[in-house]
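Labels run A, B, C and D following the written order; every chain starts at residue 1.
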């Protein structure tokens, strides 16, 4: 249920509202007809086809788009074009709106929250439901935890009919809507399972004035580890909202997150990479990034990592920390020296290579005039000092 | 794996070879093309369409049709017609052949057995496999138990790929056939689960001279309790091989099996019905049937039971044993008296009604000149005596 | 306290507003069973059985509000598996399912899930459990019982009533009578109940009612020989059943010579169990074994 | 005997003929690990790692013929769930899965099935387990260890090596080092390993290496306070990680203030655990706690 603005290589893949709805509709969840538009003209045409009042909604992966002016009503196609004009290009939490969804404006009688998450603590999928829809579920969890039903699924047999009934009764749905609600929850569950999702939520699920159920907004977050078996979903990943450097890193097989400091880090292993950042901070510096180069670092990946790190103009020094458990240290050292020779911009580099053939590695590095270090603490201190001397 | 020639109301539904193959083919099991024929003309046409040598096979639910002359090869369409002429109308274990299957004659390199059964003892589905196909698996179980692999499925997650591999290696399949074998076993499993089968077997599964896998013969036995959710399978039940009286019983909601004795039995509950038969035998008589009239016996069902029992000319007396736990005994007694009045043939009846309102019941029965009994042993003795006096 | 159910049992009935559910709930109440709740989805807030039992929409609600600790299920076969899972998920430790005709593959799933959850399931397709003078849960007629020292376990329905009636008529009373059901997959086996009766201080002797098919009776015989120190009497139905034919219960089938009445009778006799030729002999066999 | 693995362990390697499998099998053999069998479907009858390890088509065959009692898995993510189930079905009581990138829903299924079967799963996405001087199972470099009295449990890979190296350099040896893996669903938790190390007579002190995300470290702290009577030192990675961003391990994520490095550090300190600011401080903290 967390809100994670970044999706690096290993982790989650968040889908836009309209793409999430596309998937849910395939599984029988009632989704209002809607069309995307990337300019006012398309928005006008879409509103004309839909007929009647519409809502124009910014398609961004960050929360709070309503408050930011990213969701507006329009009574006519011309109004829809005007609203699209206002929304497209808007900056919401640093993300530029490029696409809007034009959908029929629903007359809402009641709003519900209905979600399915992979609960890591409980080690199973869990239904989350609340009759207080339309607000962030995290907010409801704080203000009125009693208003939320958390119903764990059996890890081997999945969603059961008695659970569908229990959620329907918990939400206090009118009897005549229970059948449609069953189809909706079963559809949400099938979408969650068959897409290998970490999260699939409908918020709000609304009962309209006419007494129909509609998934007014939806969000699906996919498990990145499972994308290999969903080629049809991989293409749904929205690259445009990610940092270009993070996209480049993912393509090179590197796990990278850009930060605001001046000391670039290149480390093998996520835990060791975070530790390296922690020690930079402890030594009085600020890390410019998290970068896990992965196992068995090869020369081309080292070179890609250098390019990605140095792409950030704030970087004043680079700290390289490699625990050569499997990889031979001398090979890594050679790779660093070679890659460095072809770099456009030169900054001081502190290199620590531990493990197999560390002595040979140290010699190669010293011969290339790279700063070496005895320990990780020492490396962090030297990197901070080197960056300071550059600033 | 047993061979059960009868399929009363509660229990199993055995499907003919060609119907079993139809289902398996839907799940991707490789089944040779074949057509059914009910006369020589149709067999000739079928053989013509198939082309090349064919095999003509009697479609009956009893075993041993090969030995009984129910399976014959034909090189030409005319020969196929001649063989069909010989087979159609043949009596195999008391069953008249009405349909033959005309299928391409396979050139067999090797024969395997591959089956899935619901193992009641192990309380899960179990794969049975043997490289000695083409013979009854029960026979192999006796002569060479080591030649059989029994692999239980996980009751909640079902067939796993490592099990598919294990069976393939156990059978010693050539490496190039392993992929096709996987599709076959997965198809057999899907057919088993999705049809709610008690048994689904391919025997033999053959490797042809050309190195292809083919399900040469197949048998599916369905779980009768699950037929309510498989209306498409209910129609596959082969009524023609059952006793007409048993079909009539099933339609009346009565569980009935015809036997060879002279004392008709009408009892509520299967265990009590068998006990009643046992006591008839113990008293020196022979039961003419097993009949469980079910719970809450109503007048129309009592009447139907009388008709079914008396349809058997061997019946010389009827023993009625009702434990009126739920049902009121006096109501059952009235039902018996009424139904008896409208019967074409009259035989002595011994009636024992125990439980609720048994005293009132006894009075009604005595007033109608029916023989009553103090105990079940007494009832059995009186029924045997009454039958003896008729013979 | 006998076994499984008693005066302290707080029973919930699933499907209480159905024809069968209501009829038998009334009979259970008349026997003295404490029915604290009924469940019928969509009828929450009503009261069933002449207004005597509050009805809830879900088992979870019923448990939360009444503290029910046993469930008896009368819902139709298509919905009974879900009902069993619902009771187990709501934390009910004892589920007694009367419904017959449940598909075997459904029961397989339910059986293994409930076992992993530590839930005791009796049935399905069973007449239920009666602890004489305590509680009757299910459909065993209440008036055939008499309090006494004999525990009974059976795969049959009306045959059980026949044996109980014979015992009561002969003045031999019962502690608890358990019908485990005749389906291929049942939650509780002969051995489970033998274990409970063997451990129950009120039970002095045990009656086992079996029938042809499967090898449950043979395994029960083995268990009797190894563990049970109380006298056991038994009756096996189906001596005259022809091989290879099903006799009602899907379980009552003989395949290839295994599971015949004779094999079961011999196994039981070898284990020191007294085997009757007719239900009417059971009381005498118990008297012989020292039952007062 | 330390914990989980040792000189007596009869190891089977699944995926032994793959690049990773063969490389690490060689390293394990060099360490002295007893590898009795390898499994690669279709390569049964061959011998792997320079002819030193017999290869079988199935785990069942390998177990039947070699008596293997632990499995180490190097097969690709798409096939690893099946490999774990195969090991468990063949009766292997300890499965160590090195493979990373296994879909969470697959692991959910495997985790619950293996737990019900009583199989101890370490990982996936973990570096494995080394009992110093006994056996190394997995990919932890063998030469960073030194025998001694400290047990270690960690969610990380190379960070674990860093800490172990620091300990060895400072002359503080280890009993068993366990990498439990950083995935959202893992077979064995901190608490499971703490329990084993706490019960192991050879282990005198414990090191715990955690990172941001989840609440495993907080629960481990609670367990330490309640149950562990041996000194515990800890390091938590990710104090500088910005909230809401994933740092490699799917588990390493901070959501809404819970699971931060600070919350974990505080929970551990409150439980009496000595918490280091840098891996290099761990040896000194252990010395302070009385480790020779």
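One rule holds for everything that comes next: a residue touches a chain if its C-beta (ideal position, glycine included) is under 8 Å from a C-beta of that chain, and two chains touch if they have at least 3 such contacts.
Because the structure is a prediction, the values reported are computed rather than measured.
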{"item": "Graph distance between chain B and chain C, where chains that touch are linked", "value": "1"}
{"item": "Most remote chain, CA-based centroid, reference being chain B", "value": "A"}
{"item": "Contact-richer chain pair [A-C vs A-B]", "value": "A-C"}
{"item": "Inter-chain centre distance, chain C versus chain D - centres from mean C-alpha coordinates, in Å", "value": "48"}
{"item": "Euclidean distance of C-alpha centroids - chain A vs chain B, Å", "value": "58"}
{"item": "Euclidean distance of C-alpha centroids - chain A vs chain D, Å", "value": "28"}
{"item": "Junction residues of chain A - those touching two or more other chains", "value": "156-157"}
{"item": "Multi-chain contact sites of chain D, meaning residues that touch two or more partners", "value": "109, 113"}
{"item": "Topology of the chain contact graph, where touching chains are joined (line, ring, star, complete, other)", "value": "other"}
{"item": "Pairs of chains satisfying the touch condition", "value": "A-B, A-C, A-D, B-C, B-D"}
{"item": "In the complex, chain A residues that touch chain D", "value": "1-8, 10-12, 118, 120-121, 123-125, 138, 155-156, 193, 196, 198, 223-226, 228-229, 255, 257, 259, 267-275, 277-282, 287, 290, 292, 323, 325-326, 354-356, 375-377"}
{"item": "Interfacial residue positions of chain C with respect to chain B in the complex", "value": "23, 77-78, 101-106, 108-109, 111-113, 139-141, 143-144, 154-162, 165, 182, 184-185, 209, 211-212, 214-215, 235, 237-242, 244-253, 255-256, 261, 277-280"}
{"item": "Partner chain A, residues of chain B touching it in the complex", "value": "156-157"}
{"item": "Parts of chain D lying in touch with chain B, wherever the complex brings them together", "value": "41-42, 44, 57-61, 79, 82-83, 85-86, 89, 109, 113"}
{"item": "Chain B residues touching chain D - in the complex, by the definition given at the top", "value": "154, 156-157, 160-163, 165-166, 169, 175, 178"}
